[in-house]
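In the part that follows, the structures are each spelled out as structure tokens.
Below are two complexes that have chain A in common, paired first with chain B and then with chain C.
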Partner chain A sequence: MRATYHLPLTTLMASVTLTNITKHYTPPVGAPAGLPPSGLENVSLTIADGETVSVVGPSGCGKSTLLKVIAGLEFADQGKILYNNYDVTQLAPQARGVGMVFQDYALYPSKEGEDNLGYYFEVRKKTPEEKERRLRETADMMGIGFELLMDRKVDTLSGGEKQRVGIARCIVREPNVFLMDEPISNLDAKLRESTRTEIKKLLKKFGITTLYVTHDQQEAIFMGDRIAVMRLGRLEQIGTFDELYYSPANLFVATLIGTPPLNVIPAEVRDSALWLGQTALPLPADIMDKLPAGAVRLGVRPEAWMVSHQPGDGIPMPVSRVERLYTERAAFAGGQISGTAVNVLVPLDFPESAKQIHLQPDWTQVYFFAATGETALHTPGAPDLF
Partner chain B sequence: MTIGTPAIETPTPPVDGGKTANRWQYWIFAIPAIIFQFFWGWYPMLIAIFLSMTNAPIRGAITFQGLGNFERLFADPLVADSFKITFIYAALSITLTFLIPIFVAILLMEMPPNLMRVMMLLWFVPLSGIASTIFWQYLYNEQFGILQYIATGVLGMPPQAFLSSERWVLFWLVFPGILMFGPGLYYMTGLQSIPKSYYEAAEIEGAGFWRKIWTISLPRLRPIISMTLLFSIIGTMQEFSFPDLMTRGGPNGASRTVVMYMFNILSNGRYGDATALAVMLFIVIMAMVLVYRTVYKDDPDI
Partner chain C sequence: MSLFPAVGRKQPRLRLAWWAVGLILWTGIILHLIPFFIMISTSLKPAAEAMSMPPTLWPKEPTFVAWKLIWNISDIGKSVLAQPLSRYFLNSLIMTFGTIFLSIPVTSLAAYASSKLIKGRIARPLFIFFIGTLMLPGIVTLIPSFLLTRNFPFPVPVAPNIPGTDIPFPTWRIWNTYWGIILPAGFSAGNFLLFKGFFDGIPDSIINAARVDGGSEFNIFRRIILPMSIPVYSVTTYFTFGGVWDSYLWPMVIVQDSAIAPLTLAIRRISDAFSYAGTTSTMTVVGASSALKPLIDQGLSWNGLMVLGLLQAIPVFIFFILAREYLLKGVRIQGLK
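Up next is the complex of A and B:
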């Protein structure tokens, strides 16, 4: 039996601490064998008061499950969940005081915006005065034009408007924790950008502890104070963007964060030099010390190549295509080194006629990984800007 | 909308709307439906209304009798009885096979998926009318039936009359429908199309099981419920084959529905009376449907 007492939290804020959360699902009957196990494996995570943590990962990585376990919609097989110091592991969702925003909005379609917000007060049998007061406060917080949405039927609202009502529905009950499950994935690209700015602004204003789940790394970076990267139910790494970008825990995190992704090229350490195919590059001593002799993998971000048109200036790469992103004022030259596809950031005026370029990595920005597996041998670390 | 957006010029549509020239095509597409409607729908109905006011002989001259047939039917106590039985049968049947499956379906949705599939299969098993009727006759058999065994052997009750009890025969006739009748399946498919996040959102807001059913499941099932109820009314008011095969109207006419009585009259060669009874039944059902349509307004939102 799940406990139904309410959390003795008086403030709006709560830190969330997960310790060794494990959750397994029984695979559905008829599911093909050999599927990766769904659920969560030994996830530990702390979200500070008022912090926004975004969770990113490929689909099926368990990020939505994580959210549901924190909300209480699913219960963990093992592990503990604390809100501040209160153990909520076995607490029913309504007792936890969370607000959840869904990808498909989950607004009650036959009701008006206002009734959607009022549902909570109906369920909890609160006084009409309190409902009135909270609705008014929420409308003020949601900003200009929100009252107009309140007396419209949900079916007549656009996607962005629905999500505003969805968010307001969470705020109206003063949640301890805000949980967002891909809240803007159903919007079109333009609306997505304006909505995510708006959500970010609202989150700043409320200062509510938030977990934001998304499959889009851009969005995760934009929304989160910290970003948690998940794969196959495991938490691979959590940290600020700089930490994930410059000090990834492993190859998976390194290739997930960054567009276009990190170029990973097989190489060999021999005679105190790095060999890529037939080209030998002298290695700085501090990196050299960390690397074993023999096969390794070199990781270079597209912007970390030094490009030269002079033969003999590094690794030759035949240019197979040039992708010009006019809106970003940049271009990417694509080719192959040692049989691996490589992307190189080049100026927008990169000549179409260039058939071959010569590349040398910026040694302060390179990554090294073991030849097999995902172990990171060397990462550049965040650059000192000042 | 931004003020000052230049108005987009819409091309003027052709004068006839591009439609009038092709209007005859609509008729071509409509003709099969019209023919079908006329010969299998309107024509028999109009003829029946006409025949109900005659002696409707198979051969020989038709004599017009005005409302004589109806007067005779009103004087016949068996007609009133059969209407009463039909109403009870319909009410029982709608309560047991229409309302109960809604809640069974809702409860089933909470079950593990495997159990759910087995139950859906049971609802979906294509049982032929005759075969399942014979099957149920065995179950109801007063000496060897399994239901008798359950009643006396397991529950320790005195021997039950089942279909030979004037009091209970209608209940036992409706009973098989609870398990075997189809609307449960419609409800389940309807329930399955409700996004899970609706329930999750309600759960987070603190809604309990019944409130979730009341505010999410039932409103979402409303169109399906509305349709099924309408068909249930029409169908049960015209019930014939199942009670006829099970009881032949017995015991003592306690399960003789209107259509069964109509069949009796027809067998006696009273064609005029039979058609008059059919018209009466039609008027009753039509009135019920009209009342239903006015009372039960379709929710404009769903």
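Up next is the complex of A and C:
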């Protein structure tokens, strides 16, 4: 039996510690063999009190499972979950005092907005005065126009309004931990941006410990104090944006973070130089020391190329397309080096007539990976800006 | 109306098809209504007019004499019906509502558990076990079921002895009681399928949200799921009502005592009695049994049987009106789009 007693938390906020959480699902009947394993593999993670950690990864990587395990909606096969040093591993979701926001909003369709918020008070046997007080406080925090949503039927609300009610439903209880499962990915682009700013503001205001799951790295970077990257149930790396961007743990993290992604080009270290196809580039000594002789892979961000139109200034790349992002005031030139697609950031006025450019990586911003596998041999590290 | 798009109806051929379909549908409706019209009109005729040839479309002088006679039939001919007709009516209601109050909660909770609570390897075999009962036609299980009611829970004519003794196992004879009707209908595989299909459509996230809010599993069912599920409850209740109210074969097997017999058995009895007495034929009444003589003298013939038919049909009709919104629209989750 799952325990149903309540957490003796004195403060409203809690740090969350996961230790070696493993969770396996039995594959459904008739599932094709050889599916990648679902669930979680040995995930350890600490979220400090008041911190927001966003979890990002491709679909099926176990990020939603992680959230459910923390909420108690799924139970881990192995491992421990602590809230503030308090073991909740076997505690039922009803007893954990978390607030959760769902991708499909998960409002109670038969109830009006206010009763959606009120269900918590109903099942916790709270007094009507307390409910009234918390509803008022929540409405104040949610901002202008929120009270208008309170007496509307759920099916008359738009997506954005539903999500506001969904978030309010979490806030109203003063949760120990705030869990968000892709809360804004069902909204349209414009609303997504304004809602994420609003959520960020709310999180700042409360300082609630938050786990924010998303598949969108922009959103993850925006929301999270730290970002956790997951793949196939494993936690690949957790850190600030700078750590993930400049010191990725492996090739997967390096290519996941950044748009357009890191260009990864096969190369060869020979005679104190880096050979890309027929072109040799002299390598700085400090990088040279870290690299084995022979085949490696070079990683260069699109913005870290030095572009020249003069022949002989680096690796020649025939330009096959130019993608101009007028709103970003930038353009990307696409082409191939050694049979690998490469993206290069160029000025918006990059001439249409340019058929070939010559590239040289900025050696302070390059990554090196082993020729096979995903091991990072060299990463630039966060730059000292001042 | 969506059969043909409005824009297309300007095309002559489509327009013709539209009219043709309308004609077929109207014919069907009228064909279905004719029996009811005849029942109503005949039930309002006096006995002689009910059997006149050619029949009249509507009684010349509508009268409720047949209704009164049928309702008081036990006062006049005790040997036809041992109990007042209202008693049979009440018995039918007890059996029907008893079944509804047992079967709907049992079936819906089983379906909810099967749909939302039971996960893992056991879920599918359990589901198939429940559904498997649909594969046997009712007639196949008639005799085993009958034996079950004799020595519940043993499906054998004589309950076995407790091993090592001469004392038979204690059994519960539900045969010839209301329970004999209600208990076997306590779980309905057809309704289970309807419920399960409906609950499968409810997103897990709603239940998870309620769990995080702190609702116990039963409270979630009662306060969140139940209000969303009014359509499926109306439909299954309607089916259960119709099924039990109109059942004849099973009550005939189970019920021996006229004090607990349902209306269907009473109707059969009266109609048999009339047939023997010859009042349903156009021939002169010959050799009418002495028991029926007063009834026949007072003017009961086909008109009385029509009254019985209507009495049997009216409650189902009322239930249909109550549940029609969901029966016609189909079962959809309330408030989800």
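By our rule, the second predicted complex is superposed on the first by the 386 of 386 C-alpha atoms of A that agree within 3 Å, B and C clash if a C-alpha of one lies under 4 Å from a C-alpha of the other, contacts with A are read in each partner's own complex, and residues count from 1 in each chain.
Basically, a contact is a pair of C-beta atoms (placed from the backbone, for glycine too) under 8 Å apart; a residue touches a chain by one contact, two chains touch by 3 or more.
As the structure is a prediction and not an experimental result, all values here were calculated from the model.
After superposition onto chain A, partners chain B and chain C are found to clash with each other.
Looking at the shared chain after the overlay, A:98 reaches both chain B and chain C.
By the touch criterion defined above, A:120 reaches both chain B and chain C.
Within the superposed three-chain model, A:353 lies out of touch with both chain B and chain C [touch as defined at top]. Once chain A of one complex is fitted onto chain A of the other, the partner contacts of A:71 extend to both chain B and chain C. Within the superposed three-chain model, A:372 lies out of touch with both chain B and chain C [touch as defined at top].
Residue overlap on chain A between its contacts with chain B in one complex and with chain C in the other: 29, 68, 71-73, 93-95, 98-100, 102-104, 106-110, 119-120, 123-124, 153, 155, 169, 173. Of all residues in chain C, only 120-121, 124, 203, 205-206, 208-216, 219, 223-224, 227-228, 333-337 touch chain A in the complex they form.
Only residues 113-114, 195, 197-198, 200-207, 211, 215-216, 219, 299, 301-302 of chain B touch chain A when the two sit together in their complex. Residue ranges of chain A in contact with chain C, taken from their complex: 26, 29, 68, 71-73, 92-96, 98-100, 102-104, 106-111, 119-120, 122-124, 153-155, 169, 173.
Those residues of chain A that touch chain B in the complex are listed here as 28-29, 68, 71-73, 93-95, 98-100, 102-104, 106-110, 119-120, 123-124, 153, 155, 169, 173, 181.
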